[in-house]
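Okay, so chain A shows up in both of these, paired with chain B first and chain C after.
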Partner chain A sequence: MKKFLYSRKAAPYVFILPFVVTFAVFWLVPLIKSGIMSTQKILPGQETFIGIDNFTRLFSDRIFLIAVGNSFKYMIFTLILLIPIPMILACLVNSKLVRGRFKNIFKASLFIPALTSVVVAGTIFRLMFGEMDTALMNQFIGLFGMEPVKWLKGAATGFVALLTLACWRWWGVNMMYFLSGLQSIPEDYYEAASIDGATTWQKFIKITVPQLKPTFVYVLTISIYGGLAMFNESYMLYQGNNSPNNIGLTIVGYLYRQGIEKNDMGYASAVGVVLLVIVLAINITQLVATGTFKKEDDK
Partner chain B sequence: MKTKKSGKLAVKILMIVLMAVIGLMILLPFWAIFVGTFQEGNMLVRYGLNLSINLSEANLDNWVMLFTDSGDYFTWFSTVCSLLCCRLWEPC
Partner chain C sequence: MVFNSVFLTVLQVVGTLLISAFVAYGFAAYEFRFKNFFFVIVLLIMSVPFEMLMLPLYVQINDMGLSDSYAAVLLPFLANAMTIFFFRQYLVGMPKEIIEAGRIDGATEYGIFFKLIMPIMKPSFAAMAILNGMNSWNNFLWPLLVLRSSDKYTLPIGLNTLVTPYGNNYDLLIVGSFFSVLPILVLFLCFQKYFIEGMTAGAVKG
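Take a look at the complex of A and B:
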């Protein structure tokens, strides 16, 4: 046995076995199982095959379409806010104009919210976006002479609260990704550009942006998934899964409502499968468009 | 030459101010939580979190309760420590 395990043929498979087993047990099996469940009507102790009925019902379900719309809106706005701004902040932090302790304090202050639990962050923001004129956000807009707003009751204002929470939690993390990307760009490129007489803007566009492409693609990929799979933030902000007129309902929120609250596991699995297909389709499209799958020689 | 130097200084000051403002805005909720710990829970729900301390209504009840009332703090703290140990052990 020992001889077999130590042989050149078997050893690589032995090394990757823990990953393969974990992947199969915790990822592949649940994925296949939820695919099967999405074609079933599931009652306690009874599973009936119903074909694509769950999917047919899903696409004519008005609430599901609202959830999809909310998730897409959230994803698009988070992409707009969580990619360019952290990239600019990373460039500011990486610049030689600001040095020393101040830079470190700024980095730390931006990263601290990422260490805060979503539950805590959601609760804080719910209280900050309260209805009374004494709540922080109403006090803030009061400085500009505006009337108090019932933030979490309106679709647009509730969405502002969700986006503020997302920015607060993720700006620091994304800034760190971009900062690590910036620090891996060789200084020689900038020196060569300076000798050629390039301006700061030209260096940014011709060197920084292309060199940050792998980081950009990574942040884009996780942001697309994060945006479409958002649930905890909305759940905590609205103190449950029942926002007024479903303004905070997301795809995962709808999955939770059907699967856990209404105990319709088959239908909830269909929601999960649709979410997986949407996320895969968008991410594969953007990865192909950004040339991630191309071989080094083809680029 | 002097104009270029003063322009650079202006950009530097602008950047420092911008970073200070963003950093403070990010840290504001933490200050709001800290201030909130001196108020009663139902007051927080009714009036929301804000940055000012109302000294006439501020008290240390929440802090006293945290470390004395049924010892919940130590229960969850030990749970978190156990989970942390498991997480640190995991890669080994």
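Take a look at the complex of A and C:
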């Protein structure tokens, strides 16, 4: 037996065993359970099969649709804000414009927000976007002669606060991804281009952008996922899961509300299944469109 | 609370790095049946939102009798798909001669991994230590669900209890916040150099 375990045939299976076990116990079983639960009405100690009732109820649930709308809006805006800007920042940091020591300070200072807990960040941002005239953001817009705003009470302004928080936290992380992508581009490419007389702009478009594509796809994938599954930020900004008129409610927030706060596990599972389908559909479409799957096959 | 957080984070980082590296080596070094099948699962898991599985997983943990225990906080993340993927990308680029040399010298398959491969993975370990450490240290929602007794609370949950609808305890909150950022900041500043190197080496090549 021992000899078998040490043989070259068995070794790979032993190596991936921890993953397979974790996957089976903590992913596959809950996933199947979630699928089953989404077709049930669950009361303590009693489960009744109700078919697709949870889903039909879901699609006529006005609050759920608000949550879906919020999550999508958040995802789209984070894609617009959290991909191009960090990419440009990374190019700047990587270029010769920024010198040695400043480079490190710049990198560290952009990355530090990501290290802070969402609890801390949310609390600080809630204070910054407070209602009083003395809150930081109201003082700031006061400089331009604007009236104080009740930031978190309005749908649009609350959204601005949420996006500011997202930018502050994730610019640094995404910049790091792009930076690591940039540094794996061979210097020769740029030298060859210089010899051929390419301008900086041409180099950027013809070399940097195509070479960054894998990084870009990766960041896009995790941003779609992160945007649609956002919950913590809104939970902290609004001191809990209840925002005025549900302006900060997300899909996961709704799942949490139904499953934990109202203890309606069956209905909450249906929310989870819908979320899964949406995320997988978007990401698979995106990965096929950018040709990432094809590349996996080539290897 | 600080102790709980440090304890959990250290355990999580060490455990996740060891186990994920172990699995990643299996994917990178061998050809075997079902390899592609399992690797596709790794990729799929990376794009399944954890929040979606949260409730059934919570029920599952309760059924297993693990509720309100640290095992419940740690176990689901030990073989972390992101980390496995990252290590695998890093290892695919390593020269296969190392393995061959190890075999000729009579090392077992596992001996090769622990004695020869792990040392050359150092830069990628640093990068993943920061990312995993950061996630574990700041993990909020899952511990909030699983942990019930207040003596087991981690720092983010503890801080959150200071935030109440009836007025917040800002003095404590700010001090707590400062101490919650400090350790991870030190960790980051120490490993910063390796962090980018490691990310570049393994990172996102495909």
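One rule holds for everything that comes next: the second predicted complex is superposed on the first by the 294 of 299 C-alpha atoms of A that agree within 3 Å, B and C clash if a C-alpha of one lies under 4 Å from a C-alpha of the other, contacts with A are read in each partner's own complex, and residues count from 1 in each chain.
Basically, a contact is a pair of C-beta atoms (placed from the backbone, for glycine too) under 8 Å apart; a residue touches a chain by one contact, two chains touch by 3 or more.
As the structure is a prediction and not an experimental result, all values here were calculated from the model.
The superposed arrangement places chain B and chain C in clashing positions on chain A. Of the two partner chains placed by superposition, only chain C is touched by A:Gly259; chain B is not. A count of residues in chain A touched by chain B and by chain C gives the higher number to C. By the touch criterion defined above, A:Ile112 reaches both chain B and chain C.
By the document's definition of touching, of the two partners only chain C reaches A:Leu179; chain B does not.
Of the two partner chains placed around the shared chain by superposition, chain C is the only one that A:Ile16 touches, whereas chain B remains out of contact.
When both complexes are overlaid on chain A, the residue A:Leu81 reaches neither chain B nor chain C.
Chain A uses residues 112, 124 to touch chain B in one structure and chain C in the other. Residues of chain A touching chain C in their complex: 6, 8, 11-16, 18-23, 25-27, 29-31, 33-34, 37, 104, 107-108, 111-112, 114-120, 123-124, 176-177, 179-181, 183-184, 214-215, 217-218, 221, 225, 228-229, 231-232, 236, 239-240, 252, 255, 259-260, 265, 268-269, 272-273, 275-276, 279-280, 283, 292, 295-296, 299. For chain B in complex with chain A, the touching residues are 8, 11-12, 15-16, 18-20, 22-24, 26-30, 32-33, 36, 44-51. Residues 19, 22-23, 25-27, 29-32, 35, 38, 41-57, 59-60, 75-76, 78-79, 84, 92, 108-110, 113, 134, 137-138, 140-141, 145, 155-156, 159-160, 163, 165, 168, 173, 177, 180-181, 184-185, 188-189, 192, 195-196, 199-200, 203-206 of chain C are the ones touching chain A in the complex. For chain A in complex with chain B, the touching residues are 89, 92-93, 95, 97-98, 102, 105-106, 109-110, 112-113, 121, 124-125, 127-132, 134-136, 138-139, 168, 171-172.
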